[in-house]
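I'd like to ask you about the structure that follows.
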């Protein structure tokens, strides 16, 4: 069951939450809406579910326009950030609620509830109340509840944001496996780039109400279409420089640029793993800090005493020989992209994941 | 096991196709909302607003000037003064002891605390006439403490002290409860910080605790004033409403109605109602159980 | 905790003495006097036809009022919490008025509105609903006096409801009516009960407004508190005390229940 949204626009007073948002989700796909907080991702989700109405634009589910269909008839499963479990009902009553609405007979309801609780790994907890469950358990009940009435698609609004870090990882893996089993078209909202890339088939990047880029994780990583996306995804070194003949200078270092960038002022983006540093007494880089991070080492330095550079090396890398804080190093950039500066936007403040 | 994805209600597809696309369609019909407003409006109009309007209308008929002028006579003025004194004494005594009680009940732990706590709430459940009766049984003819007090020339029943005791009884819980509520919400962090900075208990109380509970105290005092002014049954029974010595504003109104002295009765009632409105404004301002401005 | 000092005990002692003398002693006098002739005498006093009728009337008028208040009070709280409209603040303040205004003045206002000489009262009288000098008047007076209880109990609970729970029910296919019935009502039911019980307890002892509007006619509009007053005036404190004991038992029993409910309400949050 595919989803298509077109030209969605929504304003709250003077504030524009969504500005001409459009994208498609193919049947059976797991798509992430990724972007910084407050960017409108949750609003899009709620509009698809029918919980909010756009000022203009259209929503199509499986090719049919559903704008005038009320939320309680769209057959959409929704999992809320803070679970929204019915606090005065037991787990079983929560899960069977949708079936109860569909007037499914009691025996069948009970069977389905058992089936679902088994699916989410909470068999035996039917009579518990939400207050007696952990965050991870509550989220799984919310999932079971949303899936019980056999929805046509599944929407998840920052489903792991309210859960502990360790549990978050487990839930993530578990949701991915579930999706591979069930292949229900799903859209989930997150501000965590790592999470989006780990789970989704494709990612839609949303910033301040606009769609920045749509693509598979690999596509976005390798070919970010704007400076914002390049900075948002993974760690990057960004420099202001002038492009001339397909290269740019940062201090005394010349960097070859991929693609065919136009000449002129631009931002140059170099990923932390797309460059090499090695000890060299005449090198332009002075190492300022080396931080061991388990299986990696983070190396920070300054090019020509002015431009910061960050690189990551595996712990046992031979390149680390001789590198230590205070020493000089040479630098080689293997991949860099340039984005022309648009007027006045300057640097964006962005969340690094 | 794989899920089957066949939708449970295929007939709804037809609905989606047939309905015209209208993104600005209202989500909820207005009819139930209007009905609700109308019902609540009618209810409040009947129970709250109409009686107030009736009083205002009667005053209008009599003429506000006439009504207020009727109050400017020795007896009504004396009754008003007596009520005023009772209110003031209740504010001071139950104010001070109320703060004391709140601290004792909320911050201390000792045997008998639960019992004391329950006793403080008792006045809220007892009918005013029973309060009056209880005091008569203690201080009236043949009362428990009468043999002790009479030789000393102390009259409590059918005298001012009886009125005072009854008023203190019915207003006891307010300051204790409201200050106690604020104390609980605030916790002891600030007070403990003051102690680590060297403040004595007394200083901590005056400089930290008291200012912090000022809001709750104000609210409790306003409730106390309203209740003290409005007390009727208890003072009627204990005091006997003897004109000139134990009548209060409320018992005065009662007597005036019985004697068909309408002008002074309504005048006094209007005065009390107006005072209540003022106290109500105070209540709303000071309310620590803040009513948030919600709304869809 | 720091060591308990003498000053602590001084504070406790002062307050304890104050409350003891002010509350415990009179209460004890009432109970002891009421029971002094033995429990049989209490039963006899209560079995007296007039007393029985008065107590019965007190109970059923309070019950009717509690139901009316539960329904309309909840509706009022709903309107105040869920909607914005001009005059909302004033209305919210008005709901608290019964706590500020003397009950006697309330009774007076109701007489002005519904008394037999008044246009409204006369009209209602001829149509078989004698408000003044009738039970309807008693219920009305009680409703006024206890109006804030249910509203104040329900409002904060309504405010704290999670809107996502209602949204979740919507996505699961529930109609608005079903959402109100199965998601919202169960959540506010304890608060409604608490408010209604408080109102009921308060109504049992109501005197000032009823003594003015009901006419205090035995077997028709006499309530227990007014009966007690009558007995005291008639120089029968013993009888008055006996009836008081019964009423007190009811009131204190209710009070214990509401105290428990309040504890439960305070600790309700998943």
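Just so it is clear, A, B and C label the chains in written order, and each chain counts residues from 1 on its own.
Everything that follows uses one rule, which is that a contact is a pair of C-beta atoms (placed from the backbone, for glycine too) under 8 Å apart; a residue touches a chain by one contact, two chains touch by 3 or more.
On a predicted model such as this, the values are computed, not experimentally measured, just so you know.
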Fewest hops from subunit B to subunit C - one hop per pair of touching chains: 1
Chains linked by the largest number of contacting C-beta pairs: B-C
Euclidean distance of C-alpha centroids - subunit B vs subunit C, Å: 13
Chain centre separation (subunit A, subunit C; CA means) in Å: 56
Numbers and ranges of subunit A residues touching at least 2 other chains: 73, 75, 102, 149
In the complex, subunit C residues that touch subunit B: 7-8, 11-12, 14-16, 18-20, 22-27, 29-30, 33, 72, 75-76, 78-84, 88-89, 91-106, 108-110, 112-113, 118, 140, 143-144, 147, 152, 155-156, 159, 176, 201-202, 204-208, 211-212, 224-226, 228-229, 232, 237, 240-241, 244, 247-248, 251-252, 254-255, 259
Parts of subunit C lying in touch with subunit A, wherever the complex brings them together: 162, 164-165, 167-175, 178, 182-183, 186-187, 270
Complex interface listing, subunit B residues touching subunit C: 28, 32-33, 36-37, 39-40, 43-44, 47-52, 54-55, 57-58, 97, 100-101, 103-104, 108, 110, 112, 116, 118-138, 140, 143-144, 165, 168-169, 172, 201, 223, 226, 229-233, 236-237, 250, 253-254, 257, 265-266, 269, 272-273, 276-277, 279-281, 283-284, 289, 291-296
Subunit C contact footprint on subunit A (complex, rising order): 46, 49-51, 71-78, 80-82, 84-89, 97-98, 101-102, 129-131, 142, 145-146, 149
